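Notes for the one structure printed next.
We just call them A, B, C and D in the order they show up, numbering each chain from 1.
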Amino acid sequence: MSVKTMTAAVNEAIDQEMARDERVFVAGEDVRVGGPFGTEAGLHAKYGDKRIVNTAISELALTGIGVGAAAVGLRPIIEIMIMDFVTVAMDQIVNQMAKMKYMLGGQATLPIVVTTHAGVDSSSAAQHSGSLEAWFCHVPGLKVLMPSNAYDAKGLLTAAIRDDNPVIFISNKRCLQTSCEVPDEPFALPLGVAEVKREGRDLTIVATGRLVIDALDVAETLAGQGISVEVIDPRTLSPLDMDTILASVRKTSRAIVAHEAVRTCGIGAEIAARISDEAFDYLDAPVKRVGAPFTPVPFAPLLEDRYLPGKAQILDAVREIGLTT
Amino acid sequence: MEITNEHMVRMLTQMLRIREFDERAARLMEQARVKGSVHLYCGEEAIGVGVCESLRADDYITSTHRGHGHLIAKGGDPKRMYAELFAKASGYNGGKGGSMHLAALDLGIIGANGIVAAGAPIALGVAFASQYQDNDRVTVCFFGDGATNEGAFHEAVNMAAILKAPVIFVCENNGYGEWSPTATQTSVADIADRAAAYGIPGVVIDGMDLAAVYEAAGEAVARARSGGGPSLLECKTYRFYDHVGRDFGVLQRDPEEIAYWRARDPILLWRNRLEELGVLSSTDADALHASVVGEMEAAIAWADAQPDPHPDALFTDVYTEPAA
Amino acid sequence: MSVKTMTAAVNEAIDQEMARDERVFVAGEDVRVGGPFGTEAGLHAKYGDKRIVNTAISELALTGIGVGAAAVGLRPIIEIMIMDFVTVAMDQIVNQMAKMKYMLGGQATLPIVVTTHAGVDSSSAAQHSGSLEAWFCHVPGLKVLMPSNAYDAKGLLTAAIRDDNPVIFISNKRCLQTSCEVPDEPFALPLGVAEVKREGRDLTIVATGRLVIDALDVAETLAGQGISVEVIDPRTLSPLDMDTILASVRKTSRAIVAHEAVRTCGIGAEIAARISDEAFDYLDAPVKRVGAPFTPVPFAPLLEDRYLPGKAQILDAVREIGLTT
Amino acid sequence: MEITNEHMVRMLTQMLRIREFDERAARLMEQARVKGSVHLYCGEEAIGVGVCESLRADDYITSTHRGHGHLIAKGGDPKRMYAELFAKASGYNGGKGGSMHLAALDLGIIGANGIVAAGAPIALGVAFASQYQDNDRVTVCFFGDGATNEGAFHEAVNMAAILKAPVIFVCENNGYGEWSPTATQTSVADIADRAAAYGIPGVVIDGMDLAAVYEAAGEAVARARSGGGPSLLECKTYRFYDHVGRDFGVLQRDPEEIAYWRARDPILLWRNRLEELGVLSSTDADALHASVVGEMEAAIAWADAQPDPHPDALFTDVYTEPAA
């Protein structure tokens, strides 16, 4: 165990899985120098051009490298630098990678991890700040992960690399520099299993990525007011671990779902719709959603601050359901 | 290049099999016994056969929406192909793919594709894997003229050139993309000229001349296999029928244009050549043709009698479950 | 007034708006011969190469024609033949078209209509049967329309062409051949306004595209059993007319949301989440969602039939909320 | 080509303005007074200036993430540009865009772009509109060497060639895409060779030589304006600083390589030339330089004093509301 940033944890997971399995390689833009966030730092020196494949600025082709190579037995990690850039790789992700096994009647096995970095990050503006996980959760054939801390990041990414399915692994940028104790040895967390990050009785907050940190903050604040909040991090957004979420809501009778992505049609809509349906008889208040407003991401720090959902917005939601005044 | 008599006959047989397969596929579609869109390869047989005859069994191909010919040329079994068109459980894809997604991974056929040019990045990936695994397999990427205007094509060829990946890009320039003439879509007369944008060899080939295709493909394959990197082969050909099926009636094509190309039917040309060379008598050729027809009729009958997929097949093959 | 198919209604809307406004043009693949569904039939003969622009198979470039031309004063209609093909045009739609006005601080006005054809259609299989409207509803800056009949199609498309914003106009393929009375003159329906297709007291079904037809069928069936169903077609999926939907649910106390797209993270999730939240005190039963299962679209007609949500699935949902047994 | 003395001096001034703008932008970013990523144009000034001096005020350009130079060259006001970098309400984009989205539609500047190569399809659309509107405006599309590996580039150039759209594709080949050398990304040594894939003229130009750029651009612009269709100009240049800002320390570049290109600083070369030609004395040149420095300092002071956007600006400009 040692304290690691999420960046370091991601790096370590890739490194250890590459060491463990010859078939694992990384392809992406500027991965040779470690990638824009340092998640591949040092790996080129260790694994060389063969396994750290520095590609042209060609997201469609580089994703295709993953699809083709996986179809014939390799285990690619495909890095799409910034999540907004998936827009130029969607065909390979959605029409090929996600559907190939099914279209081929099961002939193909596609153990691919697509890693990317999502969300707002010091005024990167409208084309470098997107959180598009909901798109991928709408696509059968893909698994979608979004860890909120270094420990989960290492465990989930390790599991993703070992998984035989295409997995989209999303680092929320504002989590990358956070750190916690992380085992030094390789370890895998199960995919599709949510974690209760804090137990509570009065309210369930289901949060993803950076909003988990905000939700834990809120829980701490509310504890001071005698309100006991349970915080759940789904970690895997597709498939969703609704059992854990529903068990919690059946206990607390109240739920808020919070993420950084635009609220409308975000993953929070799916979670809220399912809670509202499947825990209908248990709910004492409507399920509230916290997410970004329906605007592109502005550049100005002042506007970006206002744009970003966080503690204040969660507290507003708590107020709306009548837990505070 | 020396081709044995036997090989010449086999190549004729392969072209005939493709032709007869697709003529029947067309009719089955017209009769609504086959659902979905069937894109016919008729007229383009010399390309699939000429190229695939240059490959080893363990080499790979990626195909297109117009893929039946590629499959047969690479060893696909017409029975299982018809079964797939009939949406039967014993079709190559268990009835879940249909014509546009036909694949046979065990034959190195990575699959047809419903997205124009999407096979190019995939072929790149397959070829990359061969380098990575340090085997000497090559990958052929088939695609149409229209596909060369998609970004995917460009990105894949560039990366293949940089990596010197063992992939051969084979363009089947049949003069049209759906109902649009190539000249209205593609800014060069010879798509082979696009090779210059990647610093790789680009060759224009008469796609109706099996020997020409076979020879050019052989060179490109040898280059790729020996580490010389990708090539672009442009095979000039013609789509005998409409974009989908035989005649949609959407596009009026010049009858003279059709007549010109029909006279250059690759099967006709090759058969004549074999007869001229004395490899095959006209009677032998007729008999061969008849046997191919018989094979296809039998394949259809077999396929038709296959069971439907289980209704629960809807829910399988979405994910790979961990081995128990 | 005369009876028209939805295809003819779309064609007429384009034709009349082109006649009315010189700045309107169509760019797309094979639009010269009328497009794959005939929505541009006859227009090339009338407007020629200048205004019916038959492009290469280059969805990214052809969408860019729309963005660039709109930025300098034209009013493009961009046809993406089949909705699955948007995957190769997403950058121009999502990062450029949708965000440009905002990123530029309001300098740009982008009156673009992207037309496309969505959904299952006689064994077109996994890459030609997609319903991806939820993706676009998650993107601020876009409006998203999906009519269910010829009348609405003409009125909405006319309004879309006259609107000063980027609009995604989605024809559900299985609606194209349906017909109804449609005015021969140009007319525009307001965007962002849902329509109550049938009034009822006991249950609200919010349905889109082809599912509106199925919902009306169900309503008829249930009327025979003394159950009165209100059917609402949002028509505009972004922005959603929640007022009409909520007014209905407050009256009926029960709601089902139905669409052809994959249920998980579909637009139904957003609608159900909002109903569950905003009509919380009025609901007598959980809001149920009907949508496609979490699988790619299979080729086999037998499987496709089972895949497609329709009357049977809506009736199941009615049963689940206890209105029938 | 004859260039008047006055014009020569104006071009020097423009290059100096770009250089001094960006040197300061870099420092402001280092001081965290400017947020977000600032990609410096230092070293590439002769391209923006040489090209834009060939344009009319009513012509259009599309730009890139490395776009400050293009904006100034096309008439952008440094005051409003700094104001945008400072995220002020009077910035070109009202503070909502920042460096990567700077635009001034009234000056024909369609905008910088955060997505590599995305300007190419947009430039195609703008040029298409000029044909449609039957005016004789041309559009210049600036982009980097790395951008030529994106599918968007390929699709746009092909369609432009087919439509004979009045667009000039100007590649700024600065030897790198982020931290990757061009040779590891791009499969041809001369990107101008890619023009062959579209049947359009492709020219290699010394991008450090203002006169060379100006002359080649003039020809391409004249061709486009008179209906001759698109061209591809590859300007060989060098990124004096790192990908973002001045020095990230990620990439070790060969000091000799840097020295070679620094000696070919386009401003130095042009200033020397003007001095040699007697157009400008060294004292005059120093004075000019000093006045440009003064302009930039004043622009920063002005920009810094501008008001912030109203917090509710977050919610405006998402949609265009119908006129009341």
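Note that a residue touches a chain if its C-beta (ideal position, glycine included) is under 8 Å from a C-beta of that chain, and two chains touch if they have at least 3 such contacts.
From a predicted model like this one, the values you see are computed outputs, not experimental measurements.
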Taking each chain's C-alpha mean as its centre, the one farthest from subunit C: D
Of B-C and C-D, pair with higher C-beta contact tally: C-D
Distance from the mean Cα position of subunit B to that of subunit A, given in whole angstrom: 40
Inter-chain centre distance, subunit B versus subunit C - centres from mean C-alpha coordinates, in Å: 36
Distance from subunit C to subunit A - Cα centre to Cα centre, in angstrom: 30
Residue numbers of subunit C (touch at least two other chains): 55-56, 58, 60, 84, 87-88, 91, 95, 102-103, 125-127, 140-141, 293-296, 298-299
Residue numbers of subunit B (touch at least two other chains): 93, 95-97, 101, 113-115, 149-152, 155, 158-159, 162, 184-186, 318
Contact set on subunit B toward subunit C in their complex: 35-37, 87, 93, 95-98, 100-101, 113-117, 146-147, 149-152, 177-180, 184-186, 250-251, 308-309, 311, 313-315, 318
Touching residues on subunit C, where the partner in the complex is subunit A: 60, 84, 86-88, 90-91, 93-95, 98-99, 102-103, 125-127, 132, 134-135, 137-141, 238, 261-262, 264-270, 272-273, 276-278, 280, 283, 285-289, 293-296, 298-299
For the subunit C and subunit B complex, residues of the former touching the latter: 29-30, 32-34, 36, 54-60, 84-85, 87-88, 122-128, 293-296, 298-303, 306-307
Subunit C - residues contacting subunit D, complex: 25, 50, 53, 55-56, 58, 60-74, 76, 88, 91-92, 95-96, 100-111, 140-141, 143, 163-165
In the complex with subunit B, residue positions of subunit D that touch it: 149-155, 157-159, 161-162, 184-189, 193-194, 196-200
